[in-house]
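Below are two complexes that have subunit A in common, paired first with subunit B and then with subunit C.
Now for the complex of A and B:
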């Protein structure tokens, strides 16, 4: 049962609130599209519609997370975001290559989408050109990945946020603020199975207690990469989805739960977990859920 | 006169490819640190240095140890939150790795950051006093040293904080680290040691290593004492990018020989080279080696 002594930051993006003490705001659910590269926009439109339907029903906010893997997809994907998803809907863009990130930021700005953008992500691999692009085209919110190749423990994750672990010139939090991004979400960087992957969960309450920032991770990645689960194919999707429960259970605020087509499984699981947390924190700490919380929606 | 060996003090600059690490992370893969160690060691080998180190590439010299000792919590400065205890080998695996690719005629120095320096670099949130903390660090480091000696030719203890004053238990601290250690031990104290020379000369180590190039006044100060310890002479600066010419280094070593005679057993940079650009660090080592060859009459 968690209630943090540190004041908790709550950030809002286009009506979605992320952060705070456990039990106040529902866990924000970030579901990915276009993992394989080539976008299927018809399918995506339906998947996002279904995802938003779940939000309407259960209360947990949806963030579609758009993977952009090639330059040729940037404009198409941003046009899709601009034209096909609800006008106030926040979204995240999930890009690895620095060059693509820079081009996407420019275009997001051109299309007036930066206010709804969660930039996924800032990490130790940030280049000087990417820094400049972020200064010039600043997204409303960014996810910082607390990945520290030297130390995968919760302490190592805090180190990378605080001082960059001598891998970069600044702690990632300060660096991000200096770039002009004020709303920061911390991704605790789930590692490969067997490579201290549990530290991503353990780090959630530590980072929230020390920094008060909205925190979460993509713990499902660990399940997805667990080869031994190949012997349990029929249950694999449920195991993957259920891993997300760890995030609200340890005080986290958002979960990056993998493919958007897992929404049907993930949303009810997390809503149930949020209800459970709300019941005990209200009973024990007197913390009431927000009107958007599944406990308000469903009871 | 025995030949003077060229050495390094410890750290060496490397270029870390952070994007490579991040890309591997997104694929849930791990990038080995071995290439960074190899990059540092190869530079030392290519420059012709006789006594090489692992380059302390993994971390600054304090964090290398505090990251792996029980009782420490890495924050902006390491915090001591529990009793300091050894939790298994810290630098040993890297030495084993280096031994697999260095020529047999090269020597390897195992590096240990001293307990007094660790104590003064950390925020003590657990112990009642610094002495108690220093001794627990020393006991933990002794366990590392005893394992380390099996894989290295000598051990270097780095105690820069001694330059600001050696506590009355300083000698006992060093004794604690080297208990059961039979390989030669070098104590490196950079900074201005003019006020602590008598204590340094009493230290239970084989070689004293100091920053003579940046602080040439130390020659005169040491000259006032009967030095019976062997000396590692700091001969190129670690805090400046200007590359000393071979002649300049030769003259510096000759000055050292005037004071210490054949007590000079090693020449090295003044300190770790981590703050220098890699290319600069390499050229400094190269000139150091050339100067050593001239002094040795090769």
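Now for the complex of A and C:
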């Protein structure tokens, strides 16, 4: 447990604060709604209610992450966000296909939802059309993925953020700022097991000390891709949930923990970890937890 | 699991070492017959493709790759594999003509890619999910029974340079360390 010398940026989106020195704000928990096939919105509404209930109880903020696979689902999912989740609740949209990203940004703007939107994500595959769409329909916050196919070490991740590593014309941080997105979260790009997966965790304190930006990752992806864990099916979910502990332990600010139905396991684990960290850093560094911190909620 | 024929681990099943057909399965629930050399699943348009290339040029008996199933949404990994075979990579190591999100080849040298282009012909069944059609095509190419391409080619993973020499036992990374107060500080400051 440690604190950073570099000043740490804290960004707020619709009441949720992300970033800062370890032990001040609770780890923000981003849970995915993947909607295989036609979205089941009744189930989604219940899952989000459960997630928000955990936030109320424990303090760790919830960000539902909406994965949009097909154009035909864009409007349905955004209508659901608009009508069915609490009016001030921030959310993220997670889309791979650039065309869908562009259409979704336009519609988010039309519906007046951009102020609550975390755009997931900007990476080196960004197209010119996507850049234009981001300029015209700018989300309040964006996740930048520090994936560098040339070098998956923490240094490679920093290179992609700072100068684009000759893969793109600009560093991803500058590029994102130029598009008008001021609130940036850095995702350290967790890779598959056997492919430098630990670097995503090691990069967290490096990026925070270098750049002072809120940082985290989807360490769940590493567990999801593990083959040998198939031999230990009964423990898989626990390994998945507990792997998230690494993120606050290494000074990180948010975790993208996979399917939202893992919330029941992930939330208490991370709240527990946040409490441990807070107890130490308050005593040693004099860093007090925010009123929203699980240590304030549970003691 | 990696073996002599297939040095890079991945999500694949080894069948007949003498087989001339490898099968790449995209979004499809399909198990080919044991007559193929190897089959496996492709997800990503970068590392996934690198593993396929490395694991087919290491077995010179493989001369065809059948790519089947719906392509991976957003990543377009199947089309990226075909583009690599057809066009190779540009100066930035991007697969020429690939339209996936991040189609970069960073762990294979040009020689390995050339070898892949020369050794392998790709049979494009992207979008085809009818298992009878896929099987018929695989059998058709197995029957061609082409000669081996010669010696195996073992692609070397390009290692990151590591010139860090650290004597600080509490190091986290070459850029930062934890000082005696428990604060993270930049090295050299």
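In this text, the second predicted complex is superposed on the first by the 297 of 299 C-alpha atoms of A that agree within 3 Å, B and C clash if a C-alpha of one lies under 4 Å from a C-alpha of the other, contacts with A are read in each partner's own complex, and residues count from 1 in each chain.
Throughout what follows, a residue touches a chain if its C-beta (ideal position, glycine included) is under 8 Å from a C-beta of that chain, and two chains touch if they have at least 3 such contacts.
Since the structure is predicted, the reported quantities are computational estimates derived from the model, not experimental observations.
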Superposed partners subunit B and subunit C on subunit A - clash or fit: clash
Partner chain in contact with A:167 - subunit B first, subunit C second, else both or neither: both
First, second, both or neither for A:4, with subunit B first and subunit C second: second
Partner chain(s) touched by A:284 [first = subunit B, second = subunit C, both, neither]: second
When both partners are placed on the shared chain, which of subunit B and subunit C touches more of subunit A: C
Touching partner for A:227 - first (subunit B), second (subunit C), both, neither: second
Touched partner set for A:251, first subunit B, second subunit C, both or neither: second
Partner chain(s) touched by A:72 [first = subunit B, second = subunit C, both, neither]: neither
Contacts of A:194 with subunit B and subunit C, given as first, second, both or neither: second
Which superposed partner A:205 touches (first subunit B, second subunit C, both, neither): second
From 21-29, 111-119 or 147-155, the subunit B stretch with C-alpha clashes against subunit C: 21-29
Residues on subunit A lying within both footprints (that of subunit B and that of subunit C): 96, 98, 123-125, 147, 149-151, 155-156, 158, 166-167, 191-192, 195
Complex contact set, residues of subunit A against subunit C: 1-6, 69-70, 95-98, 100, 123-125, 147, 149-156, 158, 166-167, 191-192, 194-195, 202, 205-206, 208-210, 227, 251, 284-285
Residues of subunit A that touch subunit B when the two form their complex: 96, 98, 123-125, 127, 145, 147, 149-151, 155-156, 158-159, 162-163, 165-168, 189, 191-193, 195, 221-222, 225
Sites on subunit B touched by subunit A in the complex: 16, 18-19, 21-23, 25-26, 28-31, 58-60, 63, 67, 73-76
Footprint of subunit A on subunit C - complex, ascending: 9, 11, 46-47, 73-75, 92-94, 100-106, 160, 172-176, 178, 182-186, 189
